[in-house]
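Next up, some structures in structure tokens.
Okay, so chain A shows up in both of these, paired with chain B first and chain C after.
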Partner chain A sequence: MASSGDDSSQVWTSDSSQYLSVMYDDTHLVYFKPSGETHFLNFLSFGLIDVLSEKSLTIDGLHELIQDRFSLTADDIPKSLLISTLAELDLAGLVSSKRVKEKL
Partner chain B sequence: MTSSLNIFSKEEIRKALKDGSFTLHLGPFSHLLSGRGDALLDFLIDTYRDNRVEMSPSDVTDVQLSLEAPNVLRRFFRPQVTPNPGFEVPAMPLPLSMSALAHEMGLNLSVALKCCRFVNVHAGVVADDEGAIVMSAASGAGKSTLTAALLQYGYRLFSDEFALIGLDGPILHPYPRPISLKQETIPVVREMVGDNWISEVVKGSPKGDIAYYRARKRDLARDQEPAKAKLILFPNFEKGVQPIAHQLNPAEAIMRLVPASTNYSLLGEPAFRAITGLVENTRAYEISYGSTTDSLRLVEQITGKKML
Partner chain C sequence: MTEKPILPDTSGADTSSSETEFDAETRRISERRQLLTLGAAGLPMMLTLKASAREVLISQLTCTVKLPQRMRILVDCDGAAWVGTRSIDYVNGKGFEVADIVKFKDKASYVFPSGTVPNNWRPDTCPIEECNNDDDDDDDDDDFDFESASAELDELMRASFSDQADGIMLASAMISRKGDDDDDDDDCDEDYVDSGYAYYQINKNTTISPADHLSGSTWSTQNNNNGLFIELSLAYEASYGNTAGWPGISCIFSIITYLGQQS
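The block that comes next holds the complex of A and B.
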């Protein structure tokens, strides 16, 4: 189920065993096995599922790591863009999130 | 044991069709056909004359197509025919005189929806010694005319309707059925190939006037010889348009091939692998043109193979 994404108690993840991907220039073609659908993703969207398949992250952790991975600044990739992209990927089933208990 | 259809008498063929024991072998598929009436019989005898057939049912058939009256009344009174491929299809009953169209539609539906040994993409395919040209387009975009035209310049027919892509490797398999010609393409292809190669015109069908360009004996003889793709084209015929070719990147080509496949969703992962494999190392172009000559010139430019 899609969620808003802007929640520091949410951890995002992706399972690379659930999809096949092929890269053409700056486009990634991703076949998602559970839905049988094929998605065309730009470098950022694919970068998100790629990063999340290596490590589950909160939105803040992901924001930081994605800037580092693609040598971007926070201005290049505002958190709002990350949140909306995650929401789309969540709808497609390519990422999922779970809520973790905050430490007291 | 298969034999060429033309060695059988009309009565032998009629009996086999009536009994449901007429088996047509073509490319990777065997088709068990049944039906009645002179319109179907005459069409098969003329248009499928050089095809391999058996007058007894094979052990295993890929397609089982029966051309039937939609109800008892329509068997006798203003007789009609409808293709029954063994599963529910939204097929409109046609007058018995349009049996040729019902037959071809029935075979297309059967292969498109039932034959899953290949990824089926709606496309014309021809090949020479260097490889196959896949031409994927919506109906009316000039795919059949271009397919027919390329046959006159050293290419052999794989199919006018389906690119059959192997699941065990990105190889195209021939399925050289007659080329379906609609409306104004009929005189264009007739002039190109001569009267003897074109079937009787089915007039006033729901698709307009329809005729079929018979597959050549030499193409049928090579229906077990697959080929690698060398080029993917997305033709677009439009009257008066200036001829232009626009190269597509692989992702764009795949974006167009996936929706043109009739069984991609059904096959899933193997279909993804097959289509991406096909596009790899193959150039893809969208070509727009206003005449057959222009379309051939564009193919000449892209392939570097002199034709005109």
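The block that comes next holds the complex of A and C.
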């Protein structure tokens, strides 16, 4: 289920055992086993699922980590772009999110 | 996304290779920035290929069968079936002409053994054998030469059945034919038979969608002529697999393969 992603209480994750990927230059062909679909991901969208396969993150944590990973700045990768890309990945089933209960 | 090829350096200068790597990384980051700018403007960051593995799997289910010629099917009370192209006349008040039935069986392209056809398609009424008098003097047996048939059958039995699918069918036809003299009312010396057979016809160019006869992942054939075709197709596939011959067998086979992949 796709969600807006713009929620600091949401934690995003991905399961690398669910897909197979092959890299071509700066893009990746990703075969997602549960749906049987093949996706063509650029460096950003693949970077997101790769990072989230290693560690579950909130949108803010993901925003920081992805900048470091690609030596880019927050201006280069607007948070809104991250959110819309996560929504695309969520629709394809490549990422999922869960809401973390805040401690009282 | 295309990238200009990095040509090998031929200047011989030692520092050029590190400069090339630096340039390549700079260019890569620049390209990524451009891509991100397009992304911020709405360019999708991922695409789903239409020709995906899922599409291939689904296409296995969506195949259809178009009959290249008219198919006529004769079914007896035991669920045996003969498939051919000859017509069988039905005379109101009398029934099928026995000679037609004999010829149809004789010329059948495919013969399926007893038990193949489910009850839905078997005849409503079956004869009670009362005319089994073998010492009558009729000429019913004259149209069948037991000696020559037996010789042909022996020859077929000697042949390799594994690579003679048609031979097996022909042998089956002969066996059935031999048995027919006992149950076709031939001994009753009748020209017509009004029970014991159901006769179906599917027109040339009829398009059949086997997936329409699936319920979930199991076969659930519809109670019509196309359903009978599917039942016979499944019986053929069970014996011969994807061996060419039966119309549309590759379609049936692909669906069975698909169902196997899903289980």
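As a convention for this text, the second predicted complex is superposed on the first by the 104 of 104 C-alpha atoms of A that agree within 3 Å, B and C clash if a C-alpha of one lies under 4 Å from a C-alpha of the other, contacts with A are read in each partner's own complex, and residues count from 1 in each chain.
Following the convention adopted for this analysis, contacts are C-beta pairs under 8 Å (C-beta built on N, C-alpha and C of every residue); 3 or more make two chains touch, one makes a residue touch a chain.
These numbers were taken from a predicted model, which means no experiment stands behind them.
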Give one word, clash or fit, describing how chain B and chain C relate on chain A after superposing. clash
Chain A: partner with more touched residues, chain B or chain C: C
In the superposed arrangement, does A:60 touch chain B (first), chain C (second), both or neither? neither
Once chain A of both complexes is superposed, is A:76 in touch with chain B (first), chain C (second), both, or neither? second
Applying the touch criterion given at the start, work out whether A:92 contacts chain B, chain C, both or neither, answering first, second, both or neither. second
Tell me the contact category for A:20 with respect to chain B and chain C: first, second, both or neither. first
May I ask you to decide whether A:38 touches chain B, chain C, both, or neither, giving the answer as first, second, both or neither? both
Stretches 43-51, 61-69, 223-231 or 241-249 of chain B: which one clashes with chain C? 61-69
Taking the stated contact definition, name every residue in chain A that is touched by chain B in one complex and by chain C in the other, in rising order. 25, 27, 29, 31, 36, 38, 40
Tell me, which parts of chain A touch chain C in their complex? 25-27, 29, 31, 35-45, 70-72, 76-78, 80-81, 84-85, 88-89, 92
Help me check something: in the complex, which residues belonging to chain C touch chain A? 1, 3, 28-29, 31-33, 35-36, 39-40, 44-49, 51-54, 57
Chain B-facing residues of chain A, complex: 20, 22, 24-25, 27, 29, 31, 33, 36, 38, 40
Counting only contacts in the complex, chain B reaches chain A at residues 249-251, 254-255, 258, 264-265, 268-269, 272-273, 276
